[in-house]
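Mind looking over this structure? Questions follow.
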Amino acid sequence: MQCVQFAFKKFPELIIAIGSAQFSHTLHNPFTAGERITMIRLALDEAKISAAKYFLIPVRDLRIHDLWVPNLVSQTPRFEVVLSNEPVTSRLFKEAGFRVEPIPFYDREKYSSTEIRERVVNGKSWEDLVPPSVASYIKNIFGDERLRELALSDQPKHHERQPRF
Amino acid sequence: MQCVQFAFKKFPELIIAIGSAQFSHTLHNPFTAGERITMIRLALDEAKISAAKYFLIPVRDLRIHDLWVPNLVSQTPRFEVVLSNEPVTSRLFKEAGFRVEPIPFYDREKYSSTEIRERVVNGKSWEDLVPPSVASYIKNIFGDERLRELALSDQPKHHERQPRF
Amino acid sequence: MQCVQFAFKKFPELIIAIGSAQFSHTLHNPFTAGERITMIRLALDEAKISAAKYFLIPVRDLRIHDLWVPNLVSQTPRFEVVLSNEPVTSRLFKEAGFRVEPIPFYDREKYSSTEIRERVVNGKSWEDLVPPSVASYIKNIFGDERLRELALSDQPKHHERQPRF
Amino acid sequence: MQCVQFAFKKFPELIIAIGSAQFSHTLHNPFTAGERITMIRLALDEAKISAAKYFLIPVRDLRIHDLWVPNLVSQTPRFEVVLSNEPVTSRLFKEAGFRVEPIPFYDREKYSSTEIRERVVNGKSWEDLVPPSVASYIKNIFGDERLRELALSDQPKHHERQPRF
Amino acid sequence: MQCVQFAFKKFPELIIAIGSAQFSHTLHNPFTAGERITMIRLALDEAKISAAKYFLIPVRDLRIHDLWVPNLVSQTPRFEVVLSNEPVTSRLFKEAGFRVEPIPFYDREKYSSTEIRERVVNGKSWEDLVPPSVASYIKNIFGDERLRELALSDQPKHHERQPRF
Amino acid sequence: MQCVQFAFKKFPELIIAIGSAQFSHTLHNPFTAGERITMIRLALDEAKISAAKYFLIPVRDLRIHDLWVPNLVSQTPRFEVVLSNEPVTSRLFKEAGFRVEPIPFYDREKYSSTEIRERVVNGKSWEDLVPPSVASYIKNIFGDERLRELALSDQPKHHERQPRF
């Protein structure tokens, strides 16, 4: 939440792109784009950030890097600055002529998705690591149960093994 | 605008799905999903409809009908009712178990995209057919010029002819 | 049915490939591959043709003709002869080194899918044009109702118009 | 074979879906869908299970989990119960409303594909681990030779390395 | 040929992009990208244009216009000017910041692909409309025969009808 | 370079296929197909090999092995012999009926792309491992800088993690 509030203080309007929008039900992306959009809206409402100040837009991960930035640009309103800490993303945007700025981290270890995922999978308490409305939502859609079942799957090493009989 | 206001009176929250999101620069879909999202937000702001009351989400046209509804569902928050007048869409949603309701038309001939397109292409005045902020935006991005150039292209009859040298 | 019986008399075992397997809910292909497989099995059972004498395999229409035959070959057991009347298919198989033979037509106008489709859409009686078990099945899944609703849709001329809102 | 006979005793008719149907010539999936269909038919014929009791249908691995079940459903006749031990598959089917039941294992280590693969690659005897007609078939298509050559390839860790020059 | 020579006089080096590279065996694109590359090389050799002065590169037709120019750019060496008469192509390149120039036509009706196609299909003499080496090549690969067989096919109106059984 | 000269001595004309043509900006494939085509042309010009003796053609990595050879064949002029050391590629070509021959290695450790990559990433001198014109080109497009930035990214283990926010 603090990363987001940092961003909103700096810029009047944000485009929050939900990446890898076509993927779900994997350990790394357990939730659909629709579910992630719902959770972000809940969190921002809770933080009293007006919906007028942002767009929530799902973007597919093309995996073809020359098309990655043009694809994202086609799905979003015009923007000038990109906020990202991820190196490949940053490089692609820079080569495309955009200004890229980092987002400062707040307690990266505690609030990381890896930490949250680990707690859910191991049955430890995780609800305090996300905003209350998001914790409720995740439980309503049995998201914690889903994450635990996905963790049972033998993780495939290569692409054609998921899912299989 | 009136269709939208009809919808907002009937339901507390709407998901406005921008279909065929991967297509642009054709006579039928001259604008990118990002440009369409911008225009809809401008129009709804002008009509003083709070952004808190809707989601604006681009959805690709899969053209594989058995996957069309599941794909849209994956990209959107949960919904119960579908507002649509289009028969194929309606049929697919009904078979998937959703309730489908029609949207009443207001002056369908005057405000149709076909009418607007025809006027732009033929150099007639069109600005009064869309909200003022949208007319401004279209002119800022030279959208009318784009539409006229696209209309010059010999329309391909079959799929592999667009675009070609 | 007679086409099929002609084929079974001539060859000990057949592979019946259900083409365009990824498409459904269009006027030309109103049924899913799964529904078409069910109907063919019903018809062949009714004609007392043992399931041991054939394979029923859905094959996607790749629309990339250099890959079309290799794709079909990858999805099917080995075969030597192709039975087809369709020129593009025949040409592709011949260029790939297969022997292609035509299937004689029996009352082509009466039993064509175009004729059946036309009767269903216009509310005329159509059940006598298909085997009884198939007519029952189609009615059970409201297939005739589906066809009539699909016919209401304004037919899109170019690809990005289906389906739309 | 015993897993299959368990299934046939429990249910009158089965749909045997051949997953990852678009992949072949990898260590994990050395055979094409067509080759796998052939082998399963040979094995079931040998076990005297009538072809009238099942459908053999190849299904592509979409890797987009929200579309995975709808895709499989579109390619198959209607079914009510899913037999699967694999967690991701099971989770997806459950969320889609299907009843999912496990298949008991018989000598899982001895008859696993991993064990068979390992023996073929290392030149040990493997024929006794598969039905005789299947062993013959594999040798006829030089399947064992193929597996050994595929094992020579340096296994790519990430997706864009297969195959390459 | 004259169009090409016009281009070579004006610019020291050209990139000749073979568009719709994934399509073949249709009336509009009867030849594979590889066959078209072969024919262009034959024609340019015959016109004594050194291969050092150009690149012959196949480019797929993405049909997603926002990705069309980035895709072509990713497959080709850097270029500054685009030679094209086609409006959609020209518009896309202009919006992407490239300079676009037209190519003057020489006897457009006589040497058009439509004219050549029409003559081949109707059994009239066509060899004088293409360079001799190209006419030889086309006959060697039975390209004229292929074109006549493709013309027999009932032309599908919508996308999922090609090819079908 | 010596591998290439070996090949040119043995055969009058070569097709140099640039594989994985759709990928770029990854550690394994840092350059676009267009950039790779440019570099190979520069290197061959420097080695005084006439462009008339080869074709430089980008080919996508389909990852569907039954379609891999047909796809490459569709994009290239006719060929009879394949020069490759890579086992999967070799196996696929052999099964498709082509003659496959190995390319002898020259100082494989010193001139391998792994070695070059390692040196660039670690700031060691690398320019002597590639032809001078290629070293210049790479520096002009800041290719070394790109490689170093790509190396900073935490490498994703599974497919949907690249790139992400």
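Here are a few things to note about the model shown:
Going in written order, the chains are labelled A, B, C, D, E and F, and every chain counts its residues from 1.
Definition applied: contacts are C-beta pairs under 8 Å (C-beta built on N, C-alpha and C of every residue); 3 or more make two chains touch, one makes a residue touch a chain.
Computed from a predicted model, the values in this text were never measured in an experiment.
Over half of the residue-numbered contact pairs at C-F are shared with one candidate from C-E, B-E or A-E, namely A-E. Centre-to-centre spacing of subunit A and subunit C amounts to 43 Å, using the average Cα coordinate of each chain.
In terms of their C-alpha centroids, the spacing between subunit A and subunit B amounts to 27 Å. Remark: subunit A and subunit F have CA centroids separated by 34 Å (rounded to whole angstrom). The set of subunit E residues that touch two or more partner chains comprises 22-24, 26, 32, 63, 66, 73-74, 159. Screening every pair of chains for touch gives A-B, A-D, A-E, A-F, B-C, B-D, B-E, C-D, C-E, C-F, D-F, E-F. The part of subunit E that touches subunit B in the complex is made up of residues 17, 19-20, 23, 26, 28-29, 61, 63-66, 68, 84, 86-92, 95, 155-156, 159. By the touch criterion given at the top, residues 22-26, 32, 63, 146, 149-150, 152-153, 158-165 of subunit F touch subunit A in their complex.
Against subunit B, in their complex, subunit D makes its touches with residues 66-67, 69-71, 73-74. Residues 21-22, 24, 32-35, 37-38, 41, 45, 50-52, 55-58, 60, 73-78 of subunit E are the ones touching subunit F in the complex.
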